[in-house]
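Note that chain A is present in both complexes that follow, paired respectively with chain B and with chain C.
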Partner chain A sequence: MSKKSFANKCFTLYLPLGLILTFLIFPFYWTFVTSIKPEHELYGATVTYWPKDLTFASYQKLFGEFNFLLPMFNSLLVATITTVVTLTVSTSAAYAFTRFDFKGKRIFMSLFLTNNMFPNVLLLIPLFAIMRSVNLLYTPLSLVVAYATFTIPFSVWMLTGYLKDLPNSLEEAAMIDGANRVKAFFNVVLPVLMPSIIATGVYIFIQSWNEYTFAVLFTNEATRTIPVTLNNLIGQLGVQWDLLTAGGIITIIPVCVLFFFAQKQLIEGLTAGSVKG
Partner chain B sequence: MKKKKFNIWPYILISPALLIVAFVVFYPIIEAIFMSFQNYDLRRPDKISFIGLKNYIEMFQDEIFWTAVKNTLIWVILGVGLQFIFGFILALLLNQQFKGRGIVRAVSLIPWATPGVLIGLMWKWIYDGNYGVLNDLLMKLNIIDQPIMFLSQTSTAFSSVIVTIIWQGIPFFAIMILAGLQSISHEMYEAADIDGATKLQKLFRITIPSLKNVIFITIILRIIWVSNSVDIIYSMTGGGPSYSTQTLSVYIFNKATVLDLGYSSGMALLLMFMLATVAIPYIRKSFKEGA
Partner chain C sequence: MKRLLVITLVALFSVGLFGCTAASNSPSTTDETDSSTNKNTNSESDDGEGPTLTYWYWADNSDYSDLMQNIITEFNETNDKGITVVGEEYPWDGGGFMETLFTASVGGGAPDVATFKLTSTPLFTANDLLANLDDYIENWDKKDDIDPNIYDIMKTASGTDSIYLMPWNTQVLYVYYRPSIFEEAGVEVPTTYEEFLTAIEKTTMDTDGDGQTDIYGFGMRGATGGQEPWGSFIHARGGSFDDLTSEASIRGMQDFIDIYENGYVPKTATTDGFNEIIANFKSGHTAMTIHHTGSSADMVETFGDDVSAFPFPAGEGQWTSMGDTENVIFESSEHKDAAFEWVSYLAAEKGQEDWTVATGNVPVSKTVQELDFFQENEFMKASIDGMSYAGIVPIKDTTTEWINTIWPNTIASALLGERSADEAMEILHEGLHEE
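So, the complex of A and B:
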């Protein structure tokens, strides 16, 4: 590459990048600033871009009066169980798809693949009726089951991609040394696959943590998850923006931490299938 | 790999995932088909019975349904189209060398990991007609002299909501395209440099053709996700004012929350067929590459 003058780089890189980043990041800044403003500054005559009197009262209120810990616990419970169940069954299916040739393989794979196009709202309606009739409605388990509709197909797809990149010779060598397939899988394949499994797990966790449409219909007062609780802060007494934004900040912190942690692997997994070929 | 002997192991390994999916996806879809031929209204559970095609006939006479179809088309075309353009630009920028690129890339992805409801609420507050920061900024810049009620008037509500979905979708396009860009070999560009190609020529002759595959798959995935998305619109406007922001999935969701399950199932099935026409080429393509 030839040397670029600084002015040139300003126009082709820094300026457009700065504009797009401002657009992408500003809403988060604004949410945070709102959450640390006192009420009179929120609904005052002038809009302040940094609070004159900084306060964490909304956070105190959120955890005190509004018991935000309960929806956090519910979300954590649902997301954790969904992640563990999905990873277990998906890893096993993905292993079968990449290590065996068997009758009906293509049909089974397409069953998982087509799943991605079913609208949530389509599954939502009959699942609601089914959950009601088997008395699962309003339990965390109903959400785990509902989330499996999109987490399992997606994870099978991701993990199949990762496993395809692992050479077969890896476990074959172990099997020649006398280990059976199960042993070879746990001792050789699983350790190498772990970062990919974790990345897939992070994706599932974020998806379940963030989900709203199923959650609003499948939960009640006791089992409500974070997104439902956030949206419910509207309407009770108008909108309480300080509480709402504080809740929002609390919600995205774990998501961001997980995301930064697994970012690289996750991106590789998401893009692997489409970049090749 | 090819063994003639029947091997039970792969079937055992896929069965847990398959059974769950059969129970939570395929069985409900069959159920939905049945429900769409009934007046399945949980507000009147004792009156549920088969009514043939009545739900579907009602749909075609339902003006709100047609508004929702039109809105869905605008939502998807403008939403996905502009996500793609800005995502592409962001990917080209992030593909250049500069200090702190890794952190910038990670940060620019956060909107994608944010809950839809929260996205809706954050933007609802930005757009607020009385205390919203957007009105304040526009007034300070002298672009407007009166605050605009962005979300409560039909002339601005839909475009405001579309800006939000664009905001949410830029990162996903950017990472997919960025990965594509990084897989193009430098030799092609070097050869083009020797032949004296201009920047634009390189963009249209090398970059875009090499990215064809990524762009195709990403657009299809986004079309499916964007047309299915409910939470952003629902938390911003609920579909209003006077149905101006109501897409088909939001209409279905609104009908489902008032427990009119038969009618909403019918609409959801139609939505699925529309998406299937988009998704089938994608599935075909993934098969050519996979397995």
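So, the complex of A and C:
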């Protein structure tokens, strides 16, 4: 590579890329650095970009006194169950909407959308009253049900779009070869649809993982999820930056791991249907 | 068209369905037992010894969380009525705590007791969510341990002659001053409003003789939040929030304008907020400023012995602003007697002492105020001295906008000479009291 072309690449590719990456990564870096600073540096007058005395005391406190494992477990439980339930229901519903003609199909599709038309805050009191009357309040299941009210409709619409692009001839070929519809669905449609299901699943998981409004109302000390627990660290007259940032770093790890493994399928899923052939 | 009609009908049906569900579960129409956690907490405890109460609170940090849990544990172990309090911490969430509490209450899942803010009282009392504490307080043997003025503030907040909030702890505004600057200017600690105005004038000094003011007498807060110290000036001339257009109120406003126009406060006062007035004071740029005990540790760290405090002095009237945290008992609680035992423990017994000593908030109990810990602290002392005449800005539908927009804008224009004191007070009165 000639010197000129390398310099050209530096200015047109690596420099802008580096700037964008710095812009994107700096908040995470600052969160991490704050979490490992000792208290005198954290609240000191001089800003330090790397701690002089590195400490993991905030992480020790977070998992010791603060018992952060409990909200992590609760969040994981709620997000996982919501994802499984939503994907099961919405994949079946989307398959039905795209493969069968039945009376009121359009009305049902519209009905799925109406729920998303309501601002979440409007659903708070009715859902709270419902959860209370069916004895679900303060259980993780109440959050799963609450989250399903907005993740299922959205996922049905997302998956319907993907399924519409999947030719019927795939299943028909399987059925001509002797498979019944169920077998054709599991053996032919589902594997092809998997990237889209993973993309939808990631969306549902992140929604459930980060949700606060329902979580603060439908949980108690035993069933608190991460966003509510972290919000407890922001007081009326001050913020516990050390614990808050340590909690923030711990919180993004599962999501990062999820993205790491689902990255390839996620991109395939998000771009599915974008190229017609 | 047909599709639009169908969608509209579906939307209306959904609204109706949700509305009916909410109505059938509203607290006013149900007396069913609470569910889940509350089912357990609103009934007699398993061993039949006494009631179990749910208590919702917020804590400013994890140390305060532990502190509250310790207070609860001690109460549970020491009360002779077998009452068990279960403390549930909720995030303050920039005031969202009150919204969460309201949603839960309207949805029929209110706790028995919760920490509370005065400003939310009308919302809750208008929906009959809070228990009236008049009889409880009347028959309480420690009733006189709390200043009558505090009870009056509770009544004012509800807009009735009844008390719905149990006092717990306060933050009363007072004047911080620098003794060394007072000494240099030859001023004594003011005991009257007139002396206070003189002290502001005399402590404004050009210390290096370059013709520029180096120390301003007073750190004026012209941005949002400044209505609290400003209220002290209005009342000191005999005015009040009830009639901001009275001659006395206008005179108080004129004092405020004069202080600015005479250069006794930094020129930036029109936009100075909390951070600016504290920074100016801490940098030695101002000789006096007004805030509560929340800043005292920081001030002492900066100045050591060279910072002290005095209550805002009396003129024809005397007033200072009070921040607050109270406790409330919910109307839906099945154990109001037990709930009162708990809130009274927090208001005037061991719970009061433990909480206020550890958090540095000002106690409402006179007995606790007499403890050496508070009497030997000059900042606490100034707060306690101000408690008998402390008050709040009237809580009205207009208050939030008045505080956030109308007050700072009007004050800025008055200080900059764009409006006279009369005109400014006319606007402020209309903004606060318009129906």
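A few remarks follow.
By our rule, the second predicted complex is superposed on the first by the 230 of 277 C-alpha atoms of A that agree within 3 Å, B and C clash if a C-alpha of one lies under 4 Å from a C-alpha of the other, contacts with A are read in each partner's own complex, and residues count from 1 in each chain.
Keep in mind that, in the parts below, a contact is a pair of C-beta atoms (placed from the backbone, for glycine too) under 8 Å apart; a residue touches a chain by one contact, two chains touch by 3 or more.
Computed from a predicted structure; not experimentally measured.
Shared-chain residue A:252: touches chain B; no touch with chain C.
More residues of chain A lie in contact with B than with the other chain of the pair chain B and chain C. Look at A:13: by the touch rule set out above, it reaches chain B but stays clear of chain C.
In the overlay built on the shared chain, the residue A:117 is in contact with chain B and with chain C. In the superposition on chain A, A:109 contacts chain B only, with no contact to chain C. In the superposition on chain A, A:130 makes contact with both chain B and chain C.
Put simply, chain A uses residues 106, 110-111, 114-115, 117-118, 122-126, 128-130, 216-217, 228, 231, 234 to touch chain B in one complex and chain C in the other.
In the complex of the two chains, the chain A residues touching chain B come out as 1, 12-13, 16-17, 20-21, 23-25, 27-28, 30-31, 34, 42-43, 47, 88-90, 92-93, 95-97, 99-102, 105-106, 108-130, 145-146, 148-149, 152-153, 156, 160, 164, 181, 206, 209-213, 216-217, 226-228, 230-231, 234, 241, 244-245, 248, 251-252, 255-256, 259-260, 263, 267-268, 270-271, 273-277. Of all residues in chain A, only 61, 65-66, 106-107, 110-111, 114-115, 117-118, 122-126, 128-139, 216-217, 220-221, 228, 231-238, 240, 243 touch chain C in the complex they form.
If you check the complex, the residues on chain B that touch chain A are 1-3, 7, 9-11, 13-14, 16-18, 20-21, 23-25, 27-29, 31-32, 35, 40, 42, 86, 89-90, 93-94, 96-98, 104, 106-111, 113-119, 121-123, 125-126, 130-131, 133, 136, 167, 170-171, 175-176, 179-180, 183, 213-214, 217-218, 221, 224, 227-228, 230-231, 234-235, 249, 252-253, 256-257, 261, 264-265, 268-269, 271-272, 275-276, 278-279, 283, 286-287, 289-291.
Across the complex, chain A is touched by residues 3, 6-7, 10-11, 14, 18-19, 21-22, 24-26, 32, 34-39, 58-62, 64-66, 88-94, 96, 100, 103-104, 106-109, 294 of chain C.
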